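The following pair of complexes shares a single chain, chain A, combined with chain B in the former and chain C in the latter.
Presenting the complex of A and B:
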């Protein structure tokens, strides 16, 4: 709780900087307009103009806020929450491919981790490639994956989810390998003295003790998965999703639209990561592992 | 059919040799050879499947075909590499990490700022920053400056959070010892706290290497001059010349691994004292 005041201070500072930046970046356009109209702008008028332009270089926070309200809350009020103009619809599209990719990536990651922990050959030959796979900027081939999968006849949610999956499986593998190996030799020996079979020591010792590691990596995986979904939407021809809103906005110079999509994406990320954090707290508490 | 059979044989053979190697005690040779062998096996299987199932080169070109294209278009690839990796990613990486490092040291002097900035920084580091790309392209134009700007924004927060965390690594006893030596703030920073923070700083630097390349390439999807890896990938996908795309991916992979490996080597030299490095002598 003692962190609240400093955090609020930093957030307030960000807003002040944002407003100041809006003045600085949009001033030249406002001056131009005034010059053509043949009027001299006072400082107050200048500031008011920079904060209310139609296509500003940097929209002021309240403009973004108004746009978000117009495309979410106001839409809901009119009962059109899922119309194509509503950000809720676009967030939903992005969320569904994020979630699918996240689930696929988690399953793949856990499976790989179990293989790596139990099979020495896999440990030696696959693990280095798992690490190497992430030094490749995989987002770069996102457009190709989507085009190729479309050509094979897989379209819609799955291609985007594949990219999310590729990004999210890595933290899960690394975290789970660490977690499954976290029981010490003493604990493993203890299981052996109890004559526990391999599957018993997996279910009763290794898996439970890997949970803190799993949740930490799941949070990273979720954030990565959202990035993958957004980038995956870029090359699909800007149909739906937050990534499509970003691309559409950048084509038509609709900066307010870009920023509102960006803030929506940030909110979505915060919600999803927060949700995992909540599950983590409850699970670890029930397991008696909470600090 | 023969191709498919070859693929199966290659897979089984490669796996068998690898498992033989894994059974031996771990040496430097096997630790190096077994992942390489695995990679070669995968490439061989890929080649066989492409030929065996008659997969159209528009969907998935064979590795040999990619190699031929790679050799034939080195001039284009080099130009793209310079534009994206050197001008865009590397300059942004240096600026972003440098700025984050300096700000982290400044923030470290004020506990109030630190308590406020760390949670916010952690939050921002989890956000899809890549979405800033279209905005920054609008601000800084189509050339490499906008790509460098995207990279700066992407690497800044992970680096900041890691450095601030690293600077807190020293415990009271060590700092007291510095004080008994009559060391001032700067001396303590230079001789004790920065060296102690190095594992964290390098962790941030390593995360930032992959982010930098991704940022530079994805930013090119939003507008670029007629060269650059992202530009080439998106236009070649449009022209269905997948072999060039894959050649570009090979370049990206080489650049990414080289970049990461370089930072890891420096880390090994700088933090030789850390347990995680000592273990693998």
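Presenting the complex of A and C:
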């Protein structure tokens, strides 16, 4: 409970800045409009106008809130939660490729980490490539992935998920290499004294030791996956998904739509990362490793 | 070498190649350990006592001479799971309960479930930790953790116990108590124990044979067969016999220039 006051203070500060920003950024448009109409705006009228424009430079929080409600709660109330105009539908589309890409990225990341830890050749050669892969701007490579996969007949969910995977495997590789190498020399010697096989050392020592590292990586990977899914929707002219909403909004100057999609994406990310955090707590508690 | 010899080292040498030139961790070490012996290795840091123990355990590989454990090469003995090894730190897995930690080597060695349960129960009683099976390591004190790690080394059928300064990180009072328990345990299980320490009273109190070692190069300067009886109450440490052996150990260390820089 003692956390509530500081959190509310910060949230309040953000809202104040946001509303002030809306006034500052939208004022010139309101003034122009007033000048053309030949009227003089009082301060109150100016503020009211900047907070209620149809295509503001920076929409006010309540405008975004209303738009989100119109495209989520209100649609659910009308039983049209999954209509094409619903943000729930678009979030679901983005979520499905995020989730698939996350799973693929995690599997790939863990597999590469195991290879790096157990195979000297891979240890020496793979890591530089893994790092290099992340220096390529994803926006540059995303269309190519989509086009190439389309050319071999793969379309739909998988190409977008591949972009998510491309972003999400990296933190998993880095975290898992560190995690699988976290057992000390003594613990490895101990396994040796019991004449344990390599697979026994892996399942009984290295893998459990790596769990705290894995979960930390998974949180980053989940957020990266979501970014990947949204980026994957941008260059493809996708008609569904939060990325498509962002792009559509920017074509038509629908800033409110852009912002509501952004907030929806952030909420989705928070939920997904929170979910991983919950699984982390439960797992580590079960393992007796919770702090 | 007779039938009762469990560990035998002949002209054992181990040289590490470092950037500052070769380091002679062990040089021409000869020693026989008999079945049922309690042998302590004592000496200053760098005298090779831990390296010697690790050679017995096949964790280090000698560069000269030979070592046999149970009549086999150290490697064959390790593969036959001939010994239990207790490290300086308890090294219990935080994600396993005490029982689960003791069960770990048994799982690796493929003991069946019922046998595992029974062995865990037996060794926990042996180290006075009955009832702690379901506790996690962090719920135990340092001394109890080290006892659990000894229990883990006793759980499988190895008649040699190699201990590398197992009580080095514990305070004097706990250490006294554990020394007494260890003697008791040695008496009941009839294991052969090799015990590395840098405490003279601990070495004299525990051992039937004390091996005094010296550094640069790591070598044995004296081997003392203790005349003390098997039955040793803690206050035996105030008897003249005890002090005499302690004195001889100190002389051995001095002869090896262990007190000089």
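To be clear about the criterion, the second predicted complex is superposed on the first by the 285 of 291 C-alpha atoms of A that agree within 3 Å, B and C clash if a C-alpha of one lies under 4 Å from a C-alpha of the other, contacts with A are read in each partner's own complex, and residues count from 1 in each chain.
Keep this in mind: a residue touches a chain if its C-beta (ideal position, glycine included) is under 8 Å from a C-beta of that chain, and two chains touch if they have at least 3 such contacts.
Computed from a predicted structure; not experimentally measured.
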| item | value |
| --- | --- |
| First (chain B), second (chain C), both or neither touched by A:273 | first |
| Contacts of A:126 with chain B and chain C, given as first, second, both or neither | first |
| First, second, both or neither for A:247, with chain B first and chain C second | first |
| Chain A residues touched - chain C or chain B, whichever exceeds | B |
| First, second, both or neither for A:261, with chain B first and chain C second | first |
| Contact residues common to both interfaces of chain A (with chain B and with chain C) | none |
| Parts of chain C lying in touch with chain A, wherever the complex brings them together | 57-59, 78-79, 81, 83-85, 87-89, 91, 93-97, 104-105, 107-109, 136, 138 |
| Chain B - residues contacting chain A, complex | 15, 18-19, 21-23, 26, 30-31, 34-35, 37-39, 58-60, 112-117, 119-120, 123, 126-128, 130-135, 137-139, 209-210, 213-214, 217-218, 221-223, 229-230, 233-234, 237, 242, 245, 248-249, 252-253, 256-257, 259-260 |
| In the complex, chain A residues that touch chain C | 186-187, 189-196, 200, 204-205, 208, 211, 287-289 |
| Complex contact set, residues of chain A against chain B | 2-3, 5-11, 14, 25, 57, 120-121, 123-129, 132, 134-141, 143-144, 147-148, 151-152, 219-220, 223, 226-227, 230-231, 234-235, 242-243, 246-247, 249-250, 253, 255, 258-259, 261-262, 265-266, 269-270, 273 |
